[in-house]
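Next come the structures, one after another.
Below are two complexes that have subunit A in common, paired first with subunit B and then with subunit C.
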Partner chain A sequence: MTDGAPVNGSVLLTHEVGLHARPSVKLTKLAKGFSSKIELAAAEGGPWIDAKSIVKVMAAKAPKHTVLHFRAEGPDAEEAVAALIDLVASDFPEQPSESVAR
Partner chain B sequence: MNDKVGIVIVSHSPDVAKGAADMVRQMVGNEVPLAFTGGDPGGGLGTSVETILAAIDRAWSEKGVAILVDLGGAETNSEMAIEMLPEDRQGRVVVCNAPIVEGAVMAATEAWGGATLDEVRRTAEELSPA
Partner chain C sequence: MSAAAPAAPAPARPAILSGRPASPGFAAGPLVVQAERAHGRRRAGTPAEERAALTAALATAAADLATLAEEASGDAADILEFQIALIEDDALSGPALEAIAGGTAAERAWADAIGVLVSDYEATEDDYFRARAADLRDLSERVASALAGEAQAALSLPEGAVLFAADLAPSRFLSADWSGRGIALSAGSATSHVAMLARARGVPMVTGLGALGGASVLFGTHALLDGEAGTLTLSPDAAATAAFAARRRAAEAAAVHAAAAATGAAVTADGVAIAVHINVADPAELDRLDPAICDGIGLVRTELLFHARDGLPDEAEQTAVYRRILAWADGRPVTIRTLDAGGDKPIPGYTLDGEQNPFLGLRGVRLSLARPEVFAVQLRALLAAATDGDLKVMIPMVSVPAEMARVRAAVAEAAAALSARGAVFRVPPIGMMVEVPAAALALDAFDTDFVSIGSNDLTQYTLAAGRDEPSVAALADTAEPAVLRLIAMTVAAADARGIPVSLCGDAGGDPRLVPLLLAAGLRSLSMAPSAVGRVKQTVAGLSLSTAARG
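Our next item is the complex of A and B:
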């Protein structure tokens, strides 16, 4: 079921406010949808934090122009890293299910 | 449905309670059962056991309900409300020791992912200064 090899990926954070509250929630929600273990770091050498932990992701406070590194391990590791990179690269688009005031 | 822990926000101010709930809905979405209550029945600042009970009912989930409170009375009234719940529900409602707005957003994010009540509470409380 698992093929062992960790999957890595990185992406430049271009979101104006960086990895603040709303982007953090989106990233965490997306990560939670995968069964793989997923970690995130704001520098290549870490420290690595659990991408499914909203408190840790928000506490990382990654500013704009940070290169975010992801690594995942598990059955859907590849899809997970691809989806997370896509979320960051596409600048955290609003999901249709979310109502946006203003 | 009802596969996510519910969140209840209890503030002395109806505006604060509603505002915190708005933030949860906007940031986390509508999939998590959510209810809020604030103010005393006379229209002033305060909390009421009765409206807290009703809020727990609105946000009820078989997985339980996590309550976020602001100051003293909100906490004691929430605890009183829990004591007045039917016995089979009492063990499934907790008051989180966390800041009301941040705690509600964190708890709801965790609940959204299908976490248990204990995990939801711990996530909200992770925020509190050590």
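Our next item is the complex of A and C:
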């Protein structure tokens, strides 16, 4: 529990077509499962966008090989950032909430 | 071509509308016309009422989408999941609710909010994003009809019904039971999401029919939809009905006979044997096929291999796939084409993005020679697998002799590399595709062990008519004399050199074109496995001694 201080993390996007509809749906669904405020940026300095909004995540149009940055603030911020990084690092598997052995 | 428009209420005369076939099959029954919605019929209320109306409409639309998504799978489910995520997003509904607070009616506020996104998607360079605009429009319509209080319910169509609409949204398609029914679109495209879904489910569909021609066409008018010919006949008379029934029976009988004929030999009525090979895009297809239906594999596309999740496939992975295909063929010849990416087949991270004209750009062998490290891996894998069977290696998109010389050098390098590491390998015959007119015109100048004609590209390059461009699709016909002459020249040049020649484009599986190809001198064809039966039947009905040469 890290209430207060923001948690940061970054991960390389390796999905072939980038952050398109299917991965964006998975990402926002996962983000919405956490109560913390979660933001995402396609560059270190931002702009930061709401990781729970499919409209905004799609609008980022992040291509393959983008380094995605996450920052979260709230009661489950640490878990949220870890889960999102895991989702991107494992290339958006079919069951996003479990770490699927592939 | 045009719809006869008799004055209502006189009984309609038969009218035939012609469009483009998008999904084969037949349907006969009442015409159901999906009317364009009249927007803004609802009287606007106070901002509070408008807010409540939009919120309720969004909830209705979300619930309907969720119901559809539960029954869907694969692409269909993904399309719906995306729409559900959008509709639940405050970033979409927020601006609409703000506009309502400022006095705008709910319909207008919603249309403006989603309109901003649609134009943003449509304005991007990326084809993928542009295609998503259709999903947004689908969503926009769904909420608009919920606002209008329209029966949001699933499309319910009578038995045999033919739905007539300007276009059909994927979610509308997925809401209906289409068995025995068909789709007639005045606009639409054979490459749309909904056409893809229709083909996958075997629903006959014709696009580009144009307007219905007057208000006299009544809901329930008897309609015949011919997904093979691409026509819609309204108010058919007895003769048209009989002709339709005959075509439908013939197509159904042909499918049955073709399945039965597939394992026989392909021999013309006057005793000439024709070699029938199959085209393979995905090795997994082979598990469901009996090798006895063919004389070998005339084309293995390797593009799918290169769409793996984790980047380009390594040498061991490729060798294993090639060996598996050779094992299936069980001694029959197998022609594997080196990576033919670019043009209409982009591979992220390998092909160039943003070419002005990809069909005239860096594709096929041009790309292989520009990316020699990727090409070398594939060649080594092919040479290693070649010890397992009768493998031949085919090079796509060759246009000048220097390209084949560079390919030979790359093959020699691959052999030297394998040799240096003590690996077992064999250098198979290296052949070229003839799909650029330049190659057909000067075939004698190329260093090649065999030739395979790629009729799709040869046709589009000869006639300067893009095959994915609906407005010139009719021009891109392999039956045109210029294309047939190039094919006949290629066959003659190969015969003169004593090297094998075959054809592996869509024309090889088309019963209309097969007689012309044989007349041009071809004796070996490669086609989709599903075409084998009907091509063998076509061949059996031909007599080459009487066929005119093209």
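Everything below uses one rule, namely that the second predicted complex is superposed on the first by the 93 of 102 C-alpha atoms of A that agree within 3 Å, B and C clash if a C-alpha of one lies under 4 Å from a C-alpha of the other, contacts with A are read in each partner's own complex, and residues count from 1 in each chain.
Operating definition for what follows: a contact is a pair of C-beta atoms (placed from the backbone, for glycine too) under 8 Å apart; a residue touches a chain by one contact, two chains touch by 3 or more.
Keep in mind that what you see is a predicted model, and the values were worked out from it rather than measured.
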| item | value |
| --- | --- |
| Partner chain(s) touched by A:54 [first = subunit B, second = subunit C, both, neither] | both |
| Subunit B versus subunit C as contact partner of A:91, first or second or both or neither | second |
| Which of subunit B and subunit C A:29 touches, first, second, both or neither | both |
| Partner chain in contact with A:43 - subunit B first, subunit C second, else both or neither | neither |
| Partner chain in contact with A:16 - subunit B first, subunit C second, else both or neither | second |
| Overlapping contact positions on subunit A, where the subunit C interface meets the subunit B interface | 21-22, 25, 28-29, 53-55, 58 |
| Residue ranges of subunit C in contact with subunit A within the complex | 78, 81-82, 85-86, 88-92, 117, 120, 124, 126, 128-129, 132, 135, 307, 309-310, 348-349 |
| Residues of subunit A that touch subunit C when the two form their complex | 14, 16-17, 20-22, 24-25, 28-29, 50, 53-56, 58-59, 61, 64, 91 |
| Subunit A residues touching subunit B - in the complex, by the definition given at the top | 21-22, 25, 28-29, 32-33, 52-55, 58, 95, 97-101 |
| Interface residues, subunit B side, partner subunit A - complex | 22, 25-31, 105-106, 109-110, 112-114, 123, 126-127 |
